[in-house]
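Take a look at the structures below.
Two complexes follow with chain A in common, the first pairing it with chain B and the second with chain C.
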Partner chain A sequence: MASEERTREILEALKDSVKDFEEEEAVKWAKIALEEGVDPFQATMEGLAEGMIIAGDLYNQKEYFVPELLMCSDALYAGLEVLKPAIEASDRQSEVKGSIVVGVVEGDVHDIGKNLVKIMFEVAGWTVHDLGKDVPLEKFVEEQIRTDCDVVGLSALMTTSMLGMPEVIRKLREKNPKVRILIGGAPINPEVAEKYGADGYAKTAGTAVDEAIRLLKMLRDEEQGKQAV
Partner chain B sequence: MVSSRGGMSELERLEALLNRERPDRVPIWPLSAGFSMLNGGYTINDVYTDVRICTDAQIWANEQYGWAPVVLIPGALSAWPALEFGGDVKFPTGDFSQAPTVVRHPVQSDEEILNLKIPDPLENAGTIPMQLAAVAYALERQPRGLLVGLLVGGPMEIGRALVSIEMLGRMMYKKPDMVHKLFRFATDFSIAVAKLWTEKFDPARICPFVGGPTHSNQVISPKHFKEFCLPYVKETHAALRELGYKHFMFHPCGEQNENLPYWAEAEMGDPGIISVGHEIDLSKVAEYFPDHIAFGNLEPAIVQTHKPPEVYEAVRDLVARHKDIPGGYIFSVGCELPPKASPGSVWAMTKAVEDAGWYT
Partner chain C sequence: MNSRERALKVFKREPVDRIPVFSGYGNITLHGLEQHGWNFCEIHTDAEKMARVAATSYELFGFECAVVPFDMGVEAEVLGSKVNYYPHRTDVVYPTIEQPAAETVDDLRVEMPADLAHAGRVPVVREALGKLKERLGEDVVIGAWVLGPYTQTGQLVDLSNLSRAAYKKQGLMNEILEKVSTFLIEVIRLYREAGADYITIREMGAGPDILSPAIFRKLVKPHLERIFSEIDSPKVLHMCGDTNMIIELLGDCGADAVSVENKNDVAASRAKLGPDALIFGDIDAYNVLVNGTPEQVAEAVKAAIDKSVNALWPSCDIWPTAPPENMRALMEAARQYGKRG
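Now for the complex of A and B:
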């Protein structure tokens, strides 16, 4: 079992390997973590995932861009490959923080942003149901019901495809008034999100998780309030 | 809209600016190819696939609303040139799609990058026969006015059509020499297509469309733009000038503020038209491209989601702030007039320029 100090050192190395997109380092330190008895779940969440969160922040600060995030995610998944069997073999339950259905709405195949959003949610400990791109509007509703997810995230890059969003939002509300809806994409802004009846707006992949956490907290506060009454 | 004050025609206004003279009023060129199709009862698909409707519907909308006589032949736009190299492209269908997209990239490996060859004969490849027919038809239908009829894009646009953006992004770190090989080929291809056009048409009548969204700083860093793209951009634009193209339509789509100083090192035409989205302030255009015409940049969502009085005020404000840019100014919507914008909002947009855009 690694000492607390050594554990911190390993977690830092895992974090840096993702942030600095060093795939080989990520694999090396993931193996060291296992060899030295670091909890693989902790190595994932406080090491690898933390590095990806920093990368997301750097993207928001315009220090990282799409190629850099792709490289960071490669390092993340390379380290994860090493740690995953140990996590599955352990009794440690994943601390799922929420669940989200994501997809690019019908008529639109621009999925770079959606894919980044997916990565950021995964590393933040969310269960992600990815519907892909050019998703028929009804499919979002079906998937929300099937998965009973907390949040639905819709992405659009075109002014025509964004027109499908209010329709999806209306249908989702009809079926499940509790679900929280987050939208984003180039033609969307906070004002449009409000007009369309969305609960939240994410300007970038990095801010999507924070916004979803805010929505989830609101949802849970409401539920607790109802129970208290 | 016929001007209540008379004066120049929209054609004369546009020609004045292209001759570096001041028109009597800001011209209106709202990038309305998709809108024009729906306005005429056609489909958005027609702008990409029907040689005649593409031009006719644009001319009709320009006349109907009193906009500048400009026709855009978009070719396969954001999917160019995937079809020309054996990829698969989906052209827009249904209620919500707006542009062609690559559904299978023609290049999947380094070896395929190294084996890329310009199709021979080039004029028979992919969408090129249709583009040539569309340009010929547009020149015949509109003897004066501007024809944006040569899709050039830039190295990132061609690169991401040939390979996926994921592959291209990773190559920038893992195999930078392969990016240069891909962009070298993209440049040779662009120049070959531009040359083919000059063999068929008078290049002075055709305005190449250069730039594109994949160069944006929402995708790549300014550093990567400078390292990977700028040399090829400069080479391509210089070649276009040598081939006789006079005016360029330059559209650095998306957030490209940090790229602007680099783009400004390239030829942009005499003068060029610098078309920016709402992410770039037009004052930046004036700063980096003082000898060119500023073009833009109403946020598309405003026309689509706001009511006519709000659209009117937003356009008035934009025009009042930018009409005196020294190189000249053309009003437009940032990237494209939303095809499904309401007629009332489009009318309000047009009226606002008519009310606020006068110089005399």
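Now for the complex of A and C:
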């Protein structure tokens, strides 16, 4: 077992490897974490994922841009590959985890944002069903029913493709009133999200997970409320 | 002074009676499309339909230009990407790249077709330009546009791969951008020859929402400079997103005018570019022109004029569901608030 101080050092190195997009460092420190007995779930959440959150902040501050974010996510994935088997074996996962269908709406082929969101959900231990890009509207509805997922995340980069969102949202609700819908992408803002009838809006990949957890908690509270009645 | 003279005078920095209202890219409306009864997906591949619809914003509202093409796939298709026109959709969905020419920048081969004038839809756009020139050439300026070299390359390969390469493989990227630029210069030459009065280059994929100013300066700007130096005036550089970080770089690419969207703080841009620079903008093409009321459209016009834009340009393609009353309000407000002298 690593001492508390050593654990902190390892977590810090994992975080920096993602933030500085050093894939090899991420792999190296993930292996060290396992060798020295650091909880692999903690190494993921407080190490790798924390680095990605910092990268997201740097993006918002216009210090990082899309290439940097992608390279950070490469490092995160590389580290995660090492830690994943140990996480699965340890049975530890995030407290509130659910399942999500993600995709970019039809008419839009830009999927970088969606892919970053997907990574963050995977890191948080969610089951992610990725429909890809340019997804026909009815496909979201079909996939939601097929997987019975808790949350559907819709992404659009362009104003032009964002306009398909209200219809998907309406159809999803028609089929399954309890599904929670999260939208994001460059043209989306909280006002648009509200106007379109989405439950949540995420500005960045990092906040998408927080927002989804909030929605999921809300959903579960509602269900418990019903059972209590 | 008619619409054509007004726009051309602005490019030459000569006095005009009022601010012109035109655009460097798509400005058609569903209202215009309905005049002809065609589906949106039909108008990208047929020169007559393309020209007829491109003329409608002038014919119906007095919008002061006619611009083709409407979609971002024309050049990419010539270079080997497969375009999806969404023929199954009867509503407005713009064509997209279904299958890029190559998966990665390492696999991409940019080759100039032997007969570019007859490759892909280049002849369709050229024929449409000719028809517009013939029918409206006395009344309004006829415009054509292409994507800038970096954004264009994004239509040829996987975007994630391109983004990483912009950081990690700048030597290779530079070679690719060089070839794509040479290709674009030829496309522009053909559009000009066919009747385009002015050319807009849209490089929105290389802005600070995506690439760092450092990479833009080092990797993209030299190619934009080369393209602008090899094409005749009038020529415009358009970039959407928050472009204040690089506005001086944009102003230094060799275009006659820089077109920005409403996320750009035009007053700040003006302060940096100086009183003589031509800045076009910044009427929000969706939130105002589609979702706004005619009063809000008029306010946006007034605000843009107060911020000293030299021509009222929509921030992007006018989204076709813009209601006729908003298009009329746009023109009316320009007449009301845009008097000069």
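Assume the second predicted complex is superposed on the first by the 214 of 229 C-alpha atoms of A that agree within 3 Å, B and C clash if a C-alpha of one lies under 4 Å from a C-alpha of the other, contacts with A are read in each partner's own complex, and residues count from 1 in each chain.
To be clear about the criterion, contacts are C-beta pairs under 8 Å (C-beta built on N, C-alpha and C of every residue); 3 or more make two chains touch, one makes a residue touch a chain.
As the structure is a computational prediction, the values presented were derived from the model and not from experiment.
Asks: With both structures lined up on chain A, is it a clash or a fit for chain B and chain C?
Replies: Clash: chain B and chain C overlap once superposed on chain A.
Asks: In the overlaid three-chain picture, which partner chain does A:Gly107 touch, first (chain B) or second (chain C), both, or neither?
Replies: In the superposed model, A:Gly107 contacts both chain B and chain C.
Asks: By residue count, is chain A touched more by chain B or by chain C?
Replies: B
Asks: With the two structures laid over each other on chain A, which partner does A:Ile188 touch: chain B (first), chain C (second), both, or neither?
Replies: The first partner, chain B, only.
Asks: Pick out the shared contact residues on chain A: the ones touching chain B in one complex and chain C in the other.
Replies: On chain A, the overlap between the chain B and chain C contacts is residues 62, 64-68, 70-71, 74, 106-110, 112, 134, 159-161, 163-164, 186-187.
Asks: Going by the contact rule set out above, which residues of chain A touch chain C in the complex?
Replies: Contact set of chain A toward chain C: 62, 64-68, 70-71, 74, 106-112, 115, 134, 159-161, 163-164, 186-187.
Asks: If we count contacts the way the header does, which residues on chain B are in touch with chain A in the complex?
Replies: 34, 44, 90, 92, 94-99, 101, 103, 165-166, 168-170, 172-173, 217-221, 224, 254, 258, 299-301, 304-305, 336, 338-340
Asks: So in the complex, the part of chain A that touches chain B is made up of which residues?
Replies: Answer in residue numbers: 21, 62, 64-68, 70-71, 74, 105-110, 112, 134, 158-164, 186-189, 191-192, 195.
Asks: Along chain C, where are the residues that touch chain A in the complex?
Replies: 84, 86, 89, 92-94, 96-98, 159-160, 163-164, 166-168, 208-212, 215, 241, 245, 285-286, 316-317, 319, 321
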